[in-house]
Amino acid sequence: MDKTLPTVAQAVAEIPDGAVVMIGGFGGSGAPIELVHALIDRFLATGHPRALTVVNNNAGNGHVGLAALIEQGMVKKLVCSFPRSADPRVFTEKFLAGEIELELVPQGTLAERIRAGGAGIPAFYTPTSYGTDLAKGKPVEEFDGRPYVRERWLKADFALIKALKGDRLGNLVFNKAARNFNPLMAMAAAKTIVQVSAIVEPGAIDPESVVTPGIFVQGLVEVAAPAQEEELNRAGARYPEIAA
Amino acid sequence: MDKTLPTVAQAVAEIPDGAVVMIGGFGGSGAPIELVHALIDRFLATGHPRALTVVNNNAGNGHVGLAALIEQGMVKKLVCSFPRSADPRVFTEKFLAGEIELELVPQGTLAERIRAGGAGIPAFYTPTSYGTDLAKGKPVEEFDGRPYVRERWLKADFALIKALKGDRLGNLVFNKAARNFNPLMAMAAAKTIVQVSAIVEPGAIDPESVVTPGIFVQGLVEVAAPAQEEELNRAGARYPEIAA
Amino acid sequence: MTDRLTSTQIAWRAAQDIADGAYVNLGIGFPEMVARFQPPGREAIFHTENGILGFGEAPPAGEEDWDLINAGKKAVTVKPGTAFFHHADSFAMVRGGHLDVAILGAYEVAETGDLANWSTGPKGVPAVGGAMDLVHGAKRVAVITEHVTKDGKPKLVKRCSLPLTGVGCVTRVYTSLAVIDVEKGRFVLREKLPSLSVSELQTMTGAELVLPETITDLIVPEL
Amino acid sequence: MTDRLTSTQIAWRAAQDIADGAYVNLGIGFPEMVARFQPPGREAIFHTENGILGFGEAPPAGEEDWDLINAGKKAVTVKPGTAFFHHADSFAMVRGGHLDVAILGAYEVAETGDLANWSTGPKGVPAVGGAMDLVHGAKRVAVITEHVTKDGKPKLVKRCSLPLTGVGCVTRVYTSLAVIDVEKGRFVLREKLPSLSVSELQTMTGAELVLPETITDLIVPEL
């Protein structure tokens, strides 16, 4: 069995219009920028995919990665906890113009909903958001005298995630805090595509240290020296590049 | 901060009568036998603790570890998924004599209930056990046209678990499939006591490979060469030892 | 009594339907035997509830590591690509629909797909383990079983009489006489031993067999 | 205007209540400053929502690793004993009651312990992050804040007028003028600046201050 894919272009080739796509990362840390840019390339060449629902903790920063995806008009709806950043202009303008829908979810609830999607748990109760605007319309129940809000699982058609290393079976390890939502999204998507800095032989990752077992991964592609969103933005980068 | 404890006796000294105690392990793999035996020693010396509710996947095997705890009459109730083993005589006899209460829980539901206890999720829905005797009396709800059973979290006063290595902050790694319920129980107990084969310096465990972060651990004690239940039982061992 | 497949042969037949790269959980006991018969060139990845994906065969006697066991508490080995994880992650794989196939034993299977395989009634000590979880989530839940009980009673029935493990969960049954799919609440006969007539098979089956146009001969090597 | 503590001094005061070995989450922005003032001999362990426990200070400029950031997206460092984990495990720590203290900023705190700190109303882009999770689960949820707004309006109020972050969650408030506990739906004054009378403080507070027998002078070093 070999889940490796030759190019980022092929890795994102199957994502259709209207798909629910989870994109890993917390801000730029752990964001699969090259996969997102490959999706933009495909859109610029073919007009697809469009009308995506994207699940990410944030709403992009500057004009690269998720922000660039939004800037191209490919995103219909965003499910996130914190659509602010150093430079959230792209999302902010589309949102205020009514061109993009926002489902705001508390960060821990977002993580747990994604995990629930991956774990076959259709709904769970959490104290988070009880009594707040974000609980409006959601069922509330008391357990042991304390009120809790019921939340539904979150699943996706595709997850685009970033890892440090992966073997051809899809076993993954991450880099420091770039782990964040990536292992959860890998569980919650019908098809999880991973960009890794290095594809290694099975056995090269200690079985004790595997963070995402291969069962949660459907394809992986090597991006040997991935860009870091923070650095791109500090350099004023845009995707696609504009002649300087 | 130093969470290390000098002896297994001190590690179990605070467990009171009537406590809910989670005990790690799947069968003998990952079972903290020395901590359990220390609890038996305390009981034999002081008459306490007694009337314990024990959460474990199984019901012990032979006459050591959990089986020995049950044999001493220290356990009032057992919450488990599979009270069978090569030699389950101790539990079976007490159960058939009505001397021990059993709450039978499907294994995945048991794991998820413990995780929920650790994660502050008071209840969740699962497809498991729907339409069976084990769902009797539990709320059922449909999501997306499919029925699910609502299950409650499971928490404990104490968890007794076994790990391979731990640092003084309580960061832990486990050995192979001896991981099983141990990291979950560490999350779900007010006080988690760990026996480790080796106490190491902070930093000796790669931060990427920590399985249980120290926040889930309240005390750890070194048991340099822990016994393996399977080997004890193959040798016909009993605890406490009976003169040969 | 007619010819019938041995347990080994039933396991062999079930193994032929496991695709290359499939993630598979084999129930404790008889189903574990399926792992022995992976067709050449196919590599299935085996999952065990107690937290291993991609484990290998049993080690030689005397070389067991009792921290490296399967759900049946038998010693296994690691292979390149093995991963360890805790019980909640393990059942996330099960319940979350990530397994391709779960192969289980059965006391009874109903034409509705209901399965009874965990309890023979109220006597003794009940024990369920992971059975009730495994019947949910795997893309295919298959059963391997004798076609009839030792007393000659059908194990494939209209409605289960024993306590259920799961409702409407079984998709295919490999028996000592036939391969039968569960479709829309009916048993559909796919393969049967060539030596056996459909009507003979029907008499040993507790619910009506739907007969499609093509019924294949169930042919299994001597093993 | 009376004397008041600087932000740094409020952070210092809050830091004095953090016990040795405490697990602490500091909200984004102002609360992060609390980490600078751990009393000598005490070692708190800092948690950040994005999956680090026991991280260290910011690295020198130019030495940032942008995969090693805190919830405020600022670069941090590892220390011996650091652990990384994913977001669900991270919020299990929060929601599951494993943190000893969470210290957050506030727009308003009500005498009921209600907190409003995520939204100033329906205008603009709403963003909540981990705020609604952090107010649940930590054994102590403390707020650090100016005592009044820039316009001189009380931030400690009977009932919050802004959208709530959480209900009945705050247990202690460190302000630029006082330290106030929330007990049984009332503000209880524990410490105040010595230069300030109780009645002066009351005029700047939007709900009644309960006065216990002992009210300590709030004395903070020049910082």
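Per-chain residue numbering starts at 1, and chain names A, B, C and D are given in the order in which the chains are listed.
We adopt the following convention: a residue touches a chain if its C-beta (ideal position, glycine included) is under 8 Å from a C-beta of that chain, and two chains touch if they have at least 3 such contacts.
Please read all numbers here as calculations on a predicted model, not as lab measurements.
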Chain pair showing more contacts of the two, B-C and A-C: B-C
Distance from the mean Cα position of chain D to that of chain C, given in whole angstrom: 56
Separation of chain B from chain C, taking each centre as the mean of its C-alpha atoms, in whole Å: 30
Distance from the mean Cα position of chain C to that of chain A, given in whole angstrom: 36
Where chain A touches two or more other chains, by residue: 112, 115, 119-121, 126-127, 174-176, 207-208, 211
Sequence positions of chain D contacting 2 or more other chains: 78, 84-85, 88, 91, 94-95, 136-137
Chains touching one another, given as label pairs in label order: A-B, A-C, A-D, B-C, B-D
Contact footprint of chain C on chain B as seen in their complex: 26-30, 57, 59, 81-86, 88, 91-92, 95-96, 102, 104-112, 114-115, 126-134, 174-184, 211, 228-231
Sites on chain C touched by chain B in the complex: 48-52, 64-69, 73, 78, 84-88, 90-91, 94-95, 114, 119, 124-133, 136-137, 163-167
Touching residues on chain A, where the partner in the complex is chain C: 1, 115, 117-121, 167, 169, 171, 187, 201-203, 207-208, 210, 213-216
Chain A-touching residues of chain C, taken from the complex the two chains share: 20-21, 23, 43, 45, 47, 53-54, 78-85, 88-89, 91-99, 136-137
Residues of chain A defined as touching chain B within the complex: 112, 116, 119-127, 141, 143-144, 146, 148, 152, 173-176, 206-209, 211
